[in-house]
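Chain lettering (A, B, C, D and E) follows the sequence in which the chains are written, and residue indices restart at 1 in each chain.
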Amino acid sequence: MRNLIPVLVVTATLIALWYAAVVPMNAQWAQDQARRAGQDLGFAALISETMTQQRPRLPAPHQVMAELWNSTVVEEMTGRRGFMNTGSLSNRSLVYHGWVTLSATLLGFAIGSALGVALAVGIVHNRAMDASVMPWAIASQTIPILAIAPMIIVVLNAIGITGLIPKAIISTYLSFFPVVVGMVKGLRAPDHMQLDLMRTYSANGVQVFGKLRWPSSMPYLFASLKVAIAAALVGAIVAELPTGAVAGLGARLLSGSYYGQTVQIWSALFAAAILAASMVALIGLIQRATLKRMGMAA
Amino acid sequence: MMVLRDSGGVQWAGMTLGLLAAIAFGMTGAEGQPAFLPLAALLAALLVWLALPRADGMAHLALLALMTGAVALAAWGLVVGPMGHVGFWAAVIAVWLGAWMLVAIFADLPRADGLVGRLQSLLAPLTFGATLLWLWEVTVRALEVPRVILPAPSAIWARILRSTDVLWVDFVQTFVKGALSGYAIGVGAALVFALLVDRSDFLRRGLLPVGNFLAALPIIGTAPIMVMWFGFDWPSKAAVVVAMVFFPMLVNTVQGLAATEAMQRDLMRTYNASWGQSLLKLRLPAAMPFIFNGLKIASTLALIGAIVAEFFGSPTRGMGFRISTEVGRLQLDMVWAEIAVAALAGSLFYGIIALVEKGVTFWHPSQRGR
Amino acid sequence: MRDTLTAPVISAKNLSLTFQTNDGPVHALKDVSLDIAKGEFVSFIGPSGCGKTTLLRVIADLEQPTEGTLTVNGMSPEAARKARAYGYVFQAAGLYPWRTIAGNVKLPLEIMGFSRSEQEARVERVLELVELSGFARKFPWQLSGGMQQRASIARALAFDADILLMDEPFGALDEIVRDRLNEQLLELWARTEKTIGFVTHSIPEAVYLSTKIVVMSPRPGRITDIIDSPLPRERPLELRDSPEFIEIAHRVREGLRAGHLDD
Amino acid sequence: MRDTLTAPVISAKNLSLTFQTNDGPVHALKDVSLDIAKGEFVSFIGPSGCGKTTLLRVIADLEQPTEGTLTVNGMSPEAARKARAYGYVFQAAGLYPWRTIAGNVKLPLEIMGFSRSEQEARVERVLELVELSGFARKFPWQLSGGMQQRASIARALAFDADILLMDEPFGALDEIVRDRLNEQLLELWARTEKTIGFVTHSIPEAVYLSTKIVVMSPRPGRITDIIDSPLPRERPLELRDSPEFIEIAHRVREGLRAGHLDD
Amino acid sequence: MDDVTLQLKWVTQAQFAGYYVALENGFYEEEDLNVTIRAGGPDIAPPQVIAGGGADVIVEWMPAALAARENGLPLVNIAQPFKASGMMLTCLAETGITGPEDFPGRTLGVWFFGNEYPFLSWMSTLGIPTDGGDEGVEVLRQGFNVDPLLQQQADCISTMTYNEYWQVIDAGISEDELVTFKYEDQGVATLEDGLYVMEENLEDPDFVDKMARFVRASMRGWEWAAENVEEAAMIVLEYDDTGAQTEEHQTRMMSEVALLLEGSNGTLDMEDYARTVATLLGGGSDPVITSEPEGAVTSAVTDAAFN
């Protein structure tokens, strides 16, 4: 709660800056239009013109907020296909598309972080894996997913897998890597004395892992998970482009982009950012609770 | 974990079984010609492996070379010979296990000093990579995967040799201009932002949540906007990269700046060190492991970002442009050639950062002892 | 003793400090009152957990008392800290792992803006003092426990703080080095007129070094005895066999024992 | 002393250990030969940096000697370690910060597969032994330095290792607690016939506790004297005023001093 | 019931209304077909999908299909619902461009991903290099929308008569502020949306029969759609899962698409085919295809369907 005032101040500043930017960004088009129509725009007219364009270069904050509101609450409450009228979510509402994306994100994130942790464990415990796998895990991340996403989807389609899974796989692909990098470091964080203690107990690998490496990697794990969930969301959105772009925030972004609906792009973008931020915040909460239980609360 | 470490036995058993299966199913091809070469080579590799522990010094190295040769010969024999039947697949698995044995042995080899040691540490990953590529080649050939779905590595290699000039132009456009400049700006901005936020409590509590929110914007959405704002050429790609690397870098830096021990901070307090001093002398050094974590993750994201951004509009050059255009033209070998260049450039980039990290964070337990 | 007439350098009145922990409050300090004059050498002795470290930390403004008042040089501990009045030797060495031994010792000098040449000279001098000259370029993890402790002493001695607070600085050292460092510390103290707060577990050490010995007892941490030493300022090692010495030592031991009986 | 006829539990022959560092090799151990029989109480004493910790670490298979041979119970140190022959108290407490005190003491018991109820019982018993009963649920950073050290002693005593290796376990404790723990350690040793290797900087402590005192000197770290104590196994505290005691203490002090003169 | 999977070239829109109408109105069912329609997207290459076994039949433009064929993917045209080409180049009048002779030195937006062939053929017919310079044109890889024109990043952009052109209009630029070059008018028109299958499948008479029924039903759909423009647009909207399409835009697209259908009953006109091949072959130094294709078209299916 004590964060409230600073957040409000910062947000207000940013919104003010945003409004200030709207005018110069959109002025060109407004003036071009006026010139084409043979009119002359006064200053006040110019300002109001830039705030109300159909396809602005930079939509005004209130335009984005209005679109967000219309495509969530208004659409579901009053829309022809809205929840109130049909009992199921409308495919014109961001709630529906957000949910489609979120489910793929969460599945991909779960698989990705499990895979990342597993790989890190392998790398830390097995010399051969340490020497050989890491460079290729790195190389795998330099392959542009948008390039292989359609191929993955084509191949999976061919063997009859469609829908959620192909998207989740691409989410997985993006999210496992931060976890590997962070966890390799985290699992190697225990200092010599802590490891020596385990040696004197002749603890086996599982015990050293469970009682030393795992707990001391917690700060690294959470830092990685925060990055990973954001990456998983990006993966899900990317994957929605070539799946025929039928549903999900990615599809919204794409169709908005295809039809030049800047405001629609921005509202889908904000919806995605809201999703990402709340998932990151959720992980932050879990982190705080965990570290507190481990006596490491700051 | 112990099981993993002592997996030599498992691999040996697997390789033997694969070999036996290959013999049992009869390594005969479609035309009925027996494929003796891979079988004989595999058998040789197995025998050498058994002899390996009993030799040391030069003899050990010689045997190792022999085994590598034998596995490679078997691999080659499988590529050129008749393909696709059960015995063939058993032999493929056996070769794969043999290669994994080699990887394990290479990884455990005592490390020489200096340049030889450097090169030596490449042995295991290269063998592993070669095995992956070989599996790819064999699978594509044996299953007759259409060229327009997945070309064989050999075809990709041929394409790389044929198109070096185009690949170079694309590399400069995307990696040097787009990715590197965006990386520098994004990482720098995140560092400055993290310090700003760290400097003032008010800013930390106000900017951090808002910053996290804004930085969580998925780049795919920002790419068309950036093209709209910064034009078709590389500046818009750099802008996307900035947006993409900012968040991981920020999270890691902020976390790292908080990663000092209470006593280390108390010491600074007794000196009445200024914020800048305790930053420079305590918190930044202590944060380095985290900061490098961020730098590494950002390095791969930068390349992806620059390439993906080109999908939303570009001049007629660049790796992303080429990839998306050539997919449409079904020139998949060119697509993979670009991907190979991307992977190589990205790995080198990453490797350089890892090297610097090793120098800077030599004191961290994760670097000191293995 | 001299100078006891001047205003005290450190003056604590009814200090209390309670830590809130997951299973209830811990009374680390309770009603502690103490005056320390300029140039005094004060030892704190008491069972483990009686609040010696906490008291030193409160004096150095590393911990806030929950009750009572404390002034240092007539100002608040915070103001004194800002005036860089303290040299502090922590109970654990706490060297920065990314700096060499010389680098660690140089750290306060860099922060306080000594000139490059002055830094070098001082580092060399204090490393010599703690017998670590040969180890300047080693990293902390390459040193033995006692060597690390000596490095941290050198770090605190490198700059000229008025008030030296030392938390069991010689705990990990053998008798011979300890004697030598004791002598050197006395010599430094005599030369510079520093005020020294010194935590130790060794009764002879406390008696040998101090002008004032503070005996504490735990749960809650409080002062049970304050002994002003009648020993002369000039203290050869042989002094330790004198009857006065043995008498004071006896009194300290009794105080300690009483503290232990409490629990 | 008894049992010196049986084969030694620990037998070191010409052990050497050299660390390679950024500025040249450090000879931490040089040509160390030593036999320790079952049930002996061996103290190691010597100037800081003379290799005491290193020697203990080599015995516990935490460090590999660069030369020489070492057997423990007739096997390699590694085999002995795998047979869980060692209880080790490190020079720094090294508690795991994410575990409570009870959790830290319980750690080896969990690893060695004691039953839940046995774990609880043992934790309670050893915490009582080191006078930390009330602190079971606290986290390490909520304890004073001495308390942390005692917790780490409790951790090593919680399970029944044949060989106890203790690296300055009582360094941060006051005389009274120290005496009490000394007595308890002797009692435990008498009862269980453990073999104990014990690093200390206190000459009286070494003499009071040990059946054998090993005096070491630094650069390179080597053994300068091995003193078999003629003191009886039964040792009341008053023993420390006996002439034999004072004589042995004198010999140890001379050995130590000689080691210091070298450098 | 026989299963048929159709892979579209682009997202769900009135460009593909015939198929959706046939599905919605049960025309496929009447032919005993169980049809699945897969929408496309910016990175879906239908030839790749069919090669991977993800579809039985695809909607593709002929230049891309012929190029794929030369690349070793034997696609065969079985039907051609679109008679005319809807492609054009749209320029802002204020740039002063009045004819192709004004192109050199200009920046032109072009779709790639296999859609660049008609443009490249046209330029090589005109003898204009496409790699910049004073003599040539600067080519931009145009993204999904018409922004490059609105933002004046390009002098001209590629548009379809039924889609992007109207986006420019909707953005607030009137028709007389635009100069357009239709490929049809420039004599470089190539055949667009046709139906293609894998050659090897055509050896199977059952498959040919299945496709005949599919093409028949699809053409019924197209006829119905051309006659019932508004209803067809509504059907397309029903099938659009993104919820992003608008009624106005789809209705207009449907009526524009109807114009392109005129003159085709689904059977490929061999003259159109010959013209397309000639255009693609005549690309000067860098033609889209290098030799006269063989077996790239068949009338077997349409013959079976309509006779």
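The rule is simple: contacts are C-beta pairs under 8 Å (C-beta built on N, C-alpha and C of every residue); 3 or more make two chains touch, one makes a residue touch a chain.
These figures come from a predicted structure and were not determined experimentally.
Asks: Hop distance check: subunit A to subunit D, minimum number of steps through touching chains?
Replies: Minimum step count, subunit A to subunit D: 1.
Asks: Which chain's C-alpha centroid is most distant from that of subunit C?
Replies: Chain E.
Asks: More contacting C-beta pairs: A-B or B-C?
Replies: Spelling it out, more C-beta pairs touch across A-B than across the other pair.
Asks: So the centre of each chain is just the mean of its C-alpha atoms; given that, what is the distance between subunit C and subunit D in Å?
Replies: Each chain's C-alpha centroid was found; their separation is 28 Å.
Asks: Could you put a whole-Å number on the gap between the CA centroids of subunit D and subunit E?
Replies: So the centre of subunit D lies 85 Å away from the centre of subunit E.
Asks: Could you give the separation in Å between the centres of subunit B and subunit D, each centre being the mean of its C-alpha atoms?
Replies: Going by mean C-alpha positions, subunit B sits 47 Å from subunit D.
Asks: State, to the nearest whole Å, the distance from the C-alpha centre of subunit A to the C-alpha centre of subunit C.
Replies: Chain centres of subunit A and subunit C, defined by C-alpha means, are spaced 53 Å apart.
Asks: Residues of subunit B that contact two or more other chains, please.
Replies: In subunit B, the residues touching two or more other chains are 149, 224, 228, 311-312, 324, 327, 364, 368.
Asks: If a residue has to touch 2 or more other chains to count, which residues of subunit C qualify?
Replies: Within subunit C, residues 92, 139, 141 contact more than one other chain.
Asks: Could you list which residues of subunit A touch at least two other chains?
Replies: 57, 146, 150-151, 154-155, 192, 241, 257
Asks: Can you identify all of the chain pairs that touch?
Replies: Here the touching pairs of chains are A-B, A-D, A-E, B-C, B-E, C-D.
Asks: Would you pull the subunit A residues touching subunit E in the complex into a rising list?
Replies: Contacts found on subunit A: 29, 33, 36, 54-55, 57, 81, 90-93, 96-97, 146, 149-151, 154-155, 157-158, 241-247, 251-252, 254-261, 264.
Asks: Given the complex with subunit C, which residues does subunit B contribute to the contact?
Replies: That would be residues 261, 263-264, 266-274, 277, 281-282, 285-286, 288, 361-364, 368 of subunit B.
Asks: State the interface residues of subunit B toward subunit E in the complex, per the touch definition above.
Replies: The contact residues of subunit B facing subunit E are 146-149, 224, 227-228, 231-232, 310-316, 321, 324-325, 327-331.
Asks: Quick one: which bits of subunit A touch subunit B in the complex? Just the residue numbers, please.
Replies: 2-3, 5-11, 14, 25, 57-58, 121-122, 125-136, 138-148, 150-151, 154-155, 177-178, 181-182, 184-185, 188-192, 195, 204-206, 209, 219-220, 223, 226-227, 230, 233-234, 237-238, 241, 249-250, 253, 257, 262, 265-266, 268-270, 272-274, 276-277, 280-281, 298
Asks: Flag every residue of subunit E that touches subunit A in the complex, lowest number first.
Replies: Going through subunit E, the ones touching subunit A are 11-12, 38-45, 48-49, 52-54, 143-147, 150-151, 167, 170-174, 177, 240-245, 249.
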